[in-house]
Structures are given as structure tokens and as C-alpha cells.
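Multiple structures follow.
The same chain A turns up in both complexes below, where it pairs with chain B and then with chain C.
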Partner chain A sequence: MTARTESAFLAAAALVAGGGTAVVTVAAGEGVTIDAPIAVLAFLMAFGGVLAAVRVWAPRGTRFLLPPVALLAALGSVEIFRIDRDLGRLQRLWLLVAAGVAVITLGLLRTRGTVVLRRFRYLFLAGALILLLLPLLPSGLPLGGATVNGSRLWVQLEVGRRTLSFQPGEGAKVLLVVFFASYLAERRHALAALPRRLGPVALPEPRQLLPILLAFGLSSGVLVYEGDLGASILLFGVFVVMLYAATERPFYLAAGGALVAGGAWAASRAFGRVAVRVEAWLHPFEHYTGSGYQVAQGVFALGDAGLLGTGLGSGSPYLIPAAATDFVFVAIVEETGLAGGFAVLAAFGFLLTVGVGIALRAGGAFRSLLAMGLSITLALQTVLIVGGVLRLLPLTGVTLPFVSYGGSSLLANFAIVALLEQISHEERA
Partner chain B sequence: MRGAMRRVAYVLVAVIGVLAVWLTVQQVVAGSRYADDPRNPRARPADDRRGTITTADGVVVAEDIDGVRRYPLGGDYLQVVGYDLQDGAAGLESSRAVDLSPLEEGSITSWLFGVFGGSPEPPQMGLTVVDALQQSALDGLAGRPGAVVAIDPRTGAVLAYASSPSLDPNDLVDGTRSLADLGDDPGSLDRAAFLLLPAGSTFKILVAAAALEAGMTPDTEFEDLPEYLAPGAGLPIGNAGGGSCVAGAGITLREALVVSCNTVFASLAVDLGGEAVVGVTERAGFNTTLPFELGAAISSIPTAAALDADPGALAQTGIGERDLRVTPLQMAVIVAGIGNGGVMMKPYVVEVVSTGDGSTIDATGAARWGRVVSPEIASELASMMADVVADGTGRAARRDDVIVAGKTGTAEGGGGPHAWFIGFAPADDPTIAIAVVVQGGGSGGAVAAPIAAGVFEAWFGIRNP
Partner chain C sequence: MPMIAVNIVKILFAASLYGFLFFLARAMRAHLAGPAPLAKPFRDEPSRHAGGAVPPPSPEPLRLEVTTGEGAPSLVPITDRHVIGRGATADIFIDDEYSSARHAVFDVAEGAVWVEDLGSTNGTTVDGTRIIGRTRVGVGMTVEVGSTRVTVR
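Let's look at the complex of A and B:
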């Protein structure tokens, strides 16, 4: 892909955002409003900014990464705007801030490269832990935790008379992947050695199991203290897959799978929240006037979609609770049909292969594992939430990267984009 | 390292492919299975005017006011009428949504309306429920958890259908409460048709029926034991208040029913055997689905083989305990059947659906459901039940003007005994049959029978002004 093609794709995404916004306002009988050109402008500024930073500071970075991200962000922002005008406008603002984060990340790494991150790995680990613990701060302080929908994931910062809310777990996700990558790059040979045998099964030295147990403990802690099933599964899943990638030992996949299965069983017994989620997943219509309501509304929306959907602005996605966040995929499918759903999934598949491609070509274990970890973070998160809203898995409240409404999520995912571009740039340095 | 990464990537891409296939499957399933679900807000017809619903005595219980569905009596009719919301409907508002809606656009009739001007008004619906009885039942329950079902034994028309506590559907219409968080609200449970409880001593009527079918008479005499220990059972069964049931040496079947003698019916069930007890109980509609428009839980009794294998369980079943479970609606249908010469009628709540100008679109007629007992045994049971109310445990339901037949029950429950009363009046040719239960309410004779008396008062007050 030439630089010109990439720019053309980004411009096309901006037009999708603007055109979609115009369709939404026209369908609502308002005609074309100022929102459409503003959307085009916001996308041109955001992705133009990131593109410029990549071209200046990481000129050998891949040209295949930004187009799918821009397409996903465009589809998401149009659907969010359709569901809730104010959220849509806020999302455009967050997009600009997130692009700023990507530019800053690229700028910081421009001279010394991603390798410098290894030096601060314990700082990142500490930072991630602090971020994960922040929501547990008592509410009422200027910087305090808050409970939303039974999960304590939010931190609210009082700025003058306004309250800024964010989910620090999204940032912790990125920091932890950096830590995992650096730790595994250093220890992978020791972890890969399986000197002990138990019958036909080769086992590592017991002390080498410590990291996976620590990761499991951390994930469980997130679940127990913050009630966040999604982040808990995501963190542990990313760690186990990275461990497998680093060691090539299927043993760790099996051990991780066993821990998840045991943990899931224990959690469904111990936490009412988890048991309720599972029951709502299996029998949403028997719990229609309660825990199954949201999933059931999602099913109704899917049923109305068809091949091409009801058309933007002609469906009723707002009837689904959390349509702009957890259920944004279903909202997009309702209004753009199977075709729109396939487009979103294809974009994520493309994103994943580009990310793994960067990992495969990266120089050195650390960069390779970092690119891999960041890519599978995006992919696993996508599978968790899309599988959840489609009733393939129990519903866990994680965002659909780049698509769902949410500032913290957008910021963290744009940082991932910046890191991937930088690693890609370094591969041919 | 690269090999493992490739494998992970292949698997994840395959999973995304699976998601795409699954999306297709879910769209097809959702589109075909839930497209017309009454809870599906997207399935609602464009014209969502609905007709007025009125009780048999002319009280409006559901109507459109300024385009908004309203329920003037709040939660009193929640379990019958239900509610009609954009994101869900229940009760008749759900099962009769089509009946209550104006004629569909595109139909010939609606085209004719279009030609001759005006748009068709939505049809009206008349219930069998009599509001005077419904109010008396609700007053009697006074917010305690429980249910009252009254039925016309001759037709199966439901005269009262009260479930307590309830909740106000207008709150759902206004949005002060939402369907999504109704889940555990005790008011959302239809206790008339979906509450399964042990029948307690009201079940003795069916054991008495089995005894009469086995050739005994109301005057057959039994030993008046203070305790009964079934073969192989761990704990003996005693009588309420301890001791034997009556003064004197023996006790007749009639006397045993009048004072609700546990030891007699426990031993009788064991002597008759599982086949005889389960036989009459299944004829009374246990272990089958009750044909009822609003749905009902299945009342259940274990199999004859299971009971014969465990005489202790059979003895306890004989006094309506252990694994026997019944809904108040089922009990009302059974006792109505006994009052109706042994023939149970199908219960129904909609009397008529008619157009705005009063011409009938659809009317429900009386339909036979099944025979519990022969006419002879039905009349013997009625005479014994009349004695229960005349000078037995059911005295609180006695009336001066008509003879009431009935049976009380005090069934074991976790939060105190469940108070039961079932009965009908007049005993020889009943116009009303009733089942009352108050969960954890206490003694059937003291708590449930007076509620039935209130409903009888309202009924005979209407009929003999």
C-alpha cells in the first residue's frame, strides 16, 4: 500500500463518518445538520494527526493499520451518534484526545524506540496495579471510586464543578501487556524448559508456575474486588496466550484453560453476579423481566436486521440497554444488517493479521511479544464482547475496541495503535 | 516463538469467522422465532390503540386514555389483565393483543371503513370476573401473600382471581418502574396459577373420594388413633392438638372429615394403596397441564409405585403433605368439579369480545374438562363438606341463608403454616366454588375460611339483594 492509498482510505473513513452522520440526521427529519461536516473534520484531524506523526517519527511503520482502525471508529461514532446525539458528539471529542495520545506516544518513543519500555517494566507493573486499585478509593474524595451497574471500575475526578469519569483498567491493560512482554522475553527459555515428567505430561519446575499463578491471582482480585468479569478474563487470557507464544509450550494453554474453567465454576458458585450472568446467557427469555432483559432486547434487534438492516436511523437500537457501549455491535447490525456486522468483523480480522504480522517480523523477542500481546488484547476483547452479545459466551462488560462509546477505551486503544506502528517502524531499522 | 504466534493468529481468525457464522445463525433464529413475540417492541403494530376491558359487573379495568394505556384499578387485575408496554406485555393484554387491536390495515373490512369514512374502533372485552368478588377477595387477603380463586362450577367462568401482593402496572406505563428490574418483585408472581404449595388437609376430600370409590360409606367406622405410624416410617403422624380426634371408641369417615382427623386419613391412604389415591388425584387434573388461557403451573403427586414403595410418604400424602404440590387455581377447579356433580369445567376469564357497537366477535362457552368422581360420590362428598362448615373446622364460612360446603387445610410451610379453604355454595346446587390460600397465614379455619365467607357474602349479596 502506498502512502497515497493509505491517506485515501483514511479520507474515505472520514467520509463514512460524515455521510453516516448526515443519513442519521436526515432520517430523523432534521436534514443535513452541522454535525456531518464536523464529523468529517474531526476524523480528518484525528487520523491526519496520527498519520503525520507516524510519517515523521516512524516513517517505516505499516500502512495497513490505520485504515481498519479508522473504519471501525467511523462506524462506531455514527452508530453512537444515532443512539444518543450527546454521546456521539462526546465520542468525537474523545477521538481527538485519543489521537493526541497516539501522537504523544509516537513522539516519546521516536528516538529510543520501544526497547526503552523494558527498562521501566516494574514501573509499568506498579502503574498498572495502582490504576487497577484506583476504583477502590472511597467515593466522595476529589479523586474517588464509583460503582456503576454493580462493578467498581470507575474513577471520578472532581474538576471544579464538573466530574470526569474514567475507567483506569483500560490503561492498566496496555501497561500490563508491556510488562508481560518484557518479563516473558527475558524468562521464556526458563519457562519453556519442561524438565519434570508426570506420566506422559512434561511439567516445568514448580517455581516456574509462579508467574501464571500470580497472573491468575491478579485477575481473580479484579473480579472479586471490582466485580469486573470481562477485564478479569481478558487480562488472564492475554497473559496465557502470550506465555504460550513465548514458550511454544501447549502445557501453559492447558494449565491456563484449567484455571479459567475452575475459576469460572467457583465464581459462578461464589458470586451471585456471575451466576446471574450465566443464567441470563442460557435462558434470557425466562428472565425477561430481570437479568435477561438486555440480552433479549439484543435478540429482538438482531431479528429485525436482515441482510442490509433497517437502514441507519430507521431501527430502534436505543431500546437495548447500553446500546452505545456493550451492545454497539448489535446496534450496528440492526441498522446495517448482516453486511455491516461482517464489515466490522472483517475489519477486526484484518487488524489482527496486521498486528500478528508486525509481531512475526519484529526484531527481538520483546518487540515481537509486545506486538503479539497488543494484537491479541484487541482480538480477545472483540471476541469476548461480540460473542457475549451474540449469546455465544456469557455477556461480559468489555468495550468493542474503537467502536464502543468510551473515552478511556479509545485512549488506551489508540496507544496500542501507536505502539504497533512504532514496532513496525523498528523492524527494518 | 513464531510458530506459536502463527497458530494463535490462525485460531483467532477462525474464531472471528465463527462469530460471523454465528451472527448469521442468530439473525435467522431471532428473526423467525422472536419476530412476533409479544415482548418484542419491534413487532408492535403501527396502530396501538387497544379496546377497553370491563368486568362482568361493568367496572373498567383497562382503557386507553389520551393514547396511553391505563389500569384504573392499579394492581387489582395485574394477574388477569396484565399490561401492554412497548417492550413487553403480559396477561390478557398479551394473549388477546390481536383481539383488542383495531382491524389490521389492508383487510377488506378496514378498506370498507376507509371507503365509508372513519377508522374501526378497537374491540371491547368483557371478563367473567365480578369486581365485587375480586374486591372482597383482595380485602380478605389484605396484602398478605396468597391467592383467592372463585369459579362458577356450572360453567368454569372465573368469578374472582386475586393474587397478593401485586404491583401497579401504571407505574410500568409511566416508566417509574421498568420491566428490566421487575425480576424478583414479589408482586409479579401470579400466585393463583403459579404458586405450588402442599394442599394440607384440603386434600383429604380426594382421599375420602378414593375411600368411597373403594366401597366405603360416610358412615364406615375407623379406629380413632392418637398417632399413626406407617410401616417402615420413621416418625408417627399425630392429630392437630394431639390425642385422638373424637370422644368415644371409633370415628366415622364423615366425622373424620368434619374434624380433619390426620390419623384416619393417613392410615386410610396406606390401606387404599397408591393406585387408588393417585388415580383419583390424577383424574382431578394433577400431573397434567390445566387448560387455562393465562397458563398455570402443573400440580403434582408422585407415582403410585413410588408411594407404595414408601408407606411413610403415602401416609403423609394422605394428609396433603410431603411431595404433593397444588396451585390455588387447581384446587378451585377440583372443588368446583365436586360441586358440579363430579364434572370439572375448563376455567376461563374472557366472557366476550365485541365491537364498539356491541355485536359479538367471540364468546367463550362452557366446556367440560373431565370427571373427578361419579355424581353419587360427588353428592356424598358435598354432604360431608357441608357438615365441615356446619359444625367442623370450617365454621367461619357458615351462612344463615345458604348451606356452604367446604374443607379447611393447614399445610406445612417454611415461614409458618399455609392457611387453605376450599368450598362451594349452595351445597346441593352450587353457583360458586372457591379456593383460598394465605401463605404462612396460620390455621385454615381461622385465616382462610373468613376470606371465603367475605366472597360468599359479596356473591349472595348480589344474587339475593
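Let's look at the complex of A and C:
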């Protein structure tokens, strides 16, 4: 793909965002408003900026990463704008800020490359832990935690009379993947050795199990103290997959799976909110007036969709609680149908293919594991939330990367894009 | 909006999404099948799919066999100036803690490979002798860059 083709894809995504926005306003009887050209402009600025930074600072980076990201962001921004005009305008602003984060990340790594991140790994670990603990700060302080829908994930910072809210867990996710990659790149040979035997099963030295148990403990802590099932499963899942990628030992997948199964069983017994989630997943209509309402509304919306959906702006996705965040996939399917839903999944398929390709071609274990971990983070998040809203899995409140409304999420995911481009730039023949 | 207009818009929107995905898939397929279009000379091997379309290179290009650590050696056709090192700006990237970011530069002249150290910390040797200035490396000779061995083939 040439530079011109890549720019053409990004421009096409900007037109999808603008065209979709125009369809939404026309369907609402407002005619074509100023929002459509502003959406095109915001996309051209955001992705043009990232593209320029990649071409200047990481010129050998892959050209296949930004187009699917731009398509996902375009679909998301149209549907968010359709659900809530103000959120849609804010999301455009966040898109520009997130692009700025990607540009800064690329600029910081331009001379010394991603390898320099290894040097700061314990700083990243400490940073991630602090970010994860921030929401537990008491509410009411200038910088304090906040409980939203029973999960303590948010931090509110009071600046003058305004309150800025953010989810520090999104940043912690990226920092932890960098730490895991650096740690596993160094310890993978020790972890891959399975010197003990128990019948036909080869086992590692017991002390080599410490990292996986620590990761499990950390994830459980997130669940117990912050009530966040999604982040908990995401953190542990990413760690187990990276451990498997680093050691090529299926033993760790089995051990991780057993820990998840045991932990899930214990959590559904011990914590009311997990049991409620499972119940709402299995029997949404029996709890229609209560915990099952959201899932049931999602199912109604899906049932309304058909092949091409109700048409942008002609459905009623705003009836689903959290339509712009957790249920954005369902909102897209309701209005653009099975066709739109598959297009979203295909774009994620491209994204994962490109990410894993970068991991396979990367020079050295650290870069390879980092690219793998970042790609798996995006993929696992997608599976968790799409599976959750389609009733294949219990609903967990993670965002759909690049699509859901949310500043923290966009910022973190654009940092992932920048890191993947940089690793791709550093790949060897 | 009238129903017919809604339906036309729906089909157009879905078509634009799938058009995007189709052209992306096509570009990716072309990228995987064809010769690497990027300015990365050492990856520019003639395509195996091209049949007789690609003329046989003449004369036989010189190649560098790069071996880092216990990994399998990689063959790098050398056509021009190639900087080797562990920095992001090196043309031949090596994951070698003992090499410098831009360690040495290889080039082709008079049918032979030449190497020059770029002021690296640990220096560059040709068949065990530390080099000063631009040095000729014959076929079969080995250059050491950090703990990486580069043999001319």
C-alpha cells in the first residue's frame, strides 16, 4: 500500500463519519447541520496528525493499522452522536486529544525506540498500581474516587467549578502490558522450563508459579475492591495469554483457565454483584424490571435490526441504558443491521491480524511480546463486551475499543496504536 | 424521510462500509503477495509468484548472513549503504545489547562489500581484527558487530 492509498482510506473514514452524521441529522428532521463538516474535519485532523507523526518518526511502520482504527472510530462517533448530541461532540474532542497522545508517544520514542521502555518497567508497574488504586480515594476531595453504577472505577478531579472524570484503569492497562512484556522477555526461559513431573503432566518449579498467582491476586483485588468484573478478567486474561506466548507452554493456559474457573465460581458465590450479573445474563426477562432490564433492551434492539437495520437515526437505541458506552455495538447493529455489526467485527479482525503480524515479525522477545500483549488487550476487550451485549457471556463493563464513548478509553487505545506503529517500524527483515 | 429514501441510504451506508473493507483486504493481499513496496532494500527479494516476469538479477547480488545470539541467521541482500545497529534508525536492525544504536555501515563498491565503524562503543572486527576506517570484506569473511556475526555470502 502506498502513502496515497493510506491517506485515501483515512479520508474515506472521515467521509463515513461526516456522511453518517448528516444522515442522523436529516433523519431527525434538522437537515444537514454544521455537525457533518465538523465531523469530517475532526477526523481529518486527528488521523492526519497521527499519520504525519508515523511517517516522520516511524516511517517503516505498517500502513494497515490506521485504516481499520479510523473506520471503527467513524462508526462509533456517528452512533454516539445519534444517541446523544453532546456526547457525540465531546467524543470528537476526545478523538483530537487521543490523536495528540499518539503523536506524543511516537515523538518520545522516535530516537531510542520501544526498547527504552524496558528500563522504566518498575516505574510503569508502580504507576499502574497507583492508577488502579486511585478510585479508592475517598470522595469529596479535590481528587477523589467516585462510585458509578456500583463500580468504583472513576476518579474525579475538581478544577475550579468543573469536574473532570476519568477512568485511570484504562491507562493502567497499557502500563501493565509494557511491564508484563519486559518481565516475561527476561524470565521466559526460566518460566518455560518444566522440570517436575506429576504422572504425565510436566510442571514448573513451584516458585515459578508466583508471577501467575500475583497477577491473579491483583485481578481479584480489582474485582473485590472496585467491583469491576471486566477489568479484572481483562488483566488476568492478557497476562495468561502473554505468559503462554512467551513460554509456548500450554500448561500456563490450563493453569490460568483453572484459576479463572475457580475464581468465577467463588466470586459468583461470594459477591452479590457478580451473581446479579450472571442471573441477568441467563434470565434477563425474569428480571426485566430490575437487573435484567439493560440486557433485555439490548436483545429487543438486536431483534429490531434485520439485515440492514432500521436506518441511522430511525431506530431507538437510546432506550438501552449505557447505549453510547457498553451497548454501542448493539446500537450500531440496531440502526445499520447485521451488515453493520459484521463490518465492525471485520474491522477488529483486520486490527488483530495486523497486530499479531507485527508481533510475529518484531525483532526480539520484548517487542514481540509487547505487540502481542497490546493486540490481545484490544481483542479480549472486544470479545468480552461484544459477547456480553449479545448474551454469549455475562455482561462486563469494558469499552469497545475506538467505538465506545469515553475519553480515557480513546486515549489509552491511541497510545496502543502508537506503540504498535513504533514496534512495526523497528521490525527486522 | 420517505421510506424509499431511508432504504436507499441504508444500502449506500452498508455499501460504503463494505467497500472500505474490500479495498483494505485487497491492499493487504497485494502487500502480502507482491514484492515489498517499502523503501527497505534488504527485504526486496524477487517475488516467487511472479514467474518469469522478474528478470534474473545479474550479477548475483552479495548477501549478508546476520546471526544474533542463538537465533537462526537472516540473509540480507546488500545493494546500497546499510547501517547496522540496535537503534530504530538502523537499516539492518539487530537485537543485540552489545551493539551501538548505529554501529557500523556496510556498502557495496567494486564488486565487494566494505564496512566502516560509526564510532561504536565496542568496535567492529573483520575476521577477529579490529578495523580502523573503511575496510574491504571478501566473500566468506566475518564481521563482528557487538555479539552479532555478519558473514558475506
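The rule we apply is simple: the second predicted complex is superposed on the first by the 427 of 429 C-alpha atoms of A that agree within 3 Å, B and C clash if a C-alpha of one lies under 4 Å from a C-alpha of the other, contacts with A are read in each partner's own complex, and residues count from 1 in each chain.
One rule holds for everything that comes next: contacts are C-beta pairs under 8 Å (C-beta built on N, C-alpha and C of every residue); 3 or more make two chains touch, one makes a residue touch a chain.
Here the structure is a predicted model, which means the values were calculated and not measured.
In the superposition on chain A, A:248 contacts chain B only, with no contact to chain C. Shared-chain residue A:426: touches chain C; no touch with chain B. In the overlay built on the shared chain, the residue A:318 is in contact with neither chain B nor chain C. In the superposition on chain A, A:122 makes contact with neither chain B nor chain C. Of the two partner chains placed by the overlay, only chain C lies in contact with A:13; chain B stays clear of it.
In the superposed pair of complexes, A:303 makes contact with chain B only, with no contact to chain C. Looking at the shared chain after the overlay, A:71 reaches chain C, while chain B stays out of its contact range. When the two complexes are overlaid on their common chain A, residue A:110 makes contact with chain C while staying clear of chain B.
In the superposition on chain A, contact of A:225 is made with neither chain B nor chain C. Here chain C touches chain A in the complex through residues 1, 6-7, 9-11, 13-14, 16-18, 20-21, 23-25, 27-28, 30-31, 37-40, 42-43, 74, 76, 86-89, 92-95, 101, going by the rule given at the top. Residues of chain A touching chain C in their complex: 1-2, 5, 9, 12-13, 15-16, 19-20, 23, 26-27, 58-60, 64, 67-68, 71, 75, 109-113, 115, 308-309, 311-312, 314, 336-337, 339-340, 343, 346-347, 350, 363-364, 367, 422, 425-429. In the complex of the two chains, the chain B residues touching chain A come out as 1-6, 8-9, 12-13, 15-20, 22-24, 26-27, 30-35, 37, 39-43, 86-88, 179-184, 188.
Here chain A touches chain B in the complex through residues 188, 241, 244-248, 285, 287-291, 293-294, 296-297, 299-306, 316, 319, 321, 333, 338, 341-342, 345, 348-349, 352-353, 356, 359-360, 365, 368-369, 372, 376, 379-380, 382-383, 386-387, 390-392, going by the rule given at the top.
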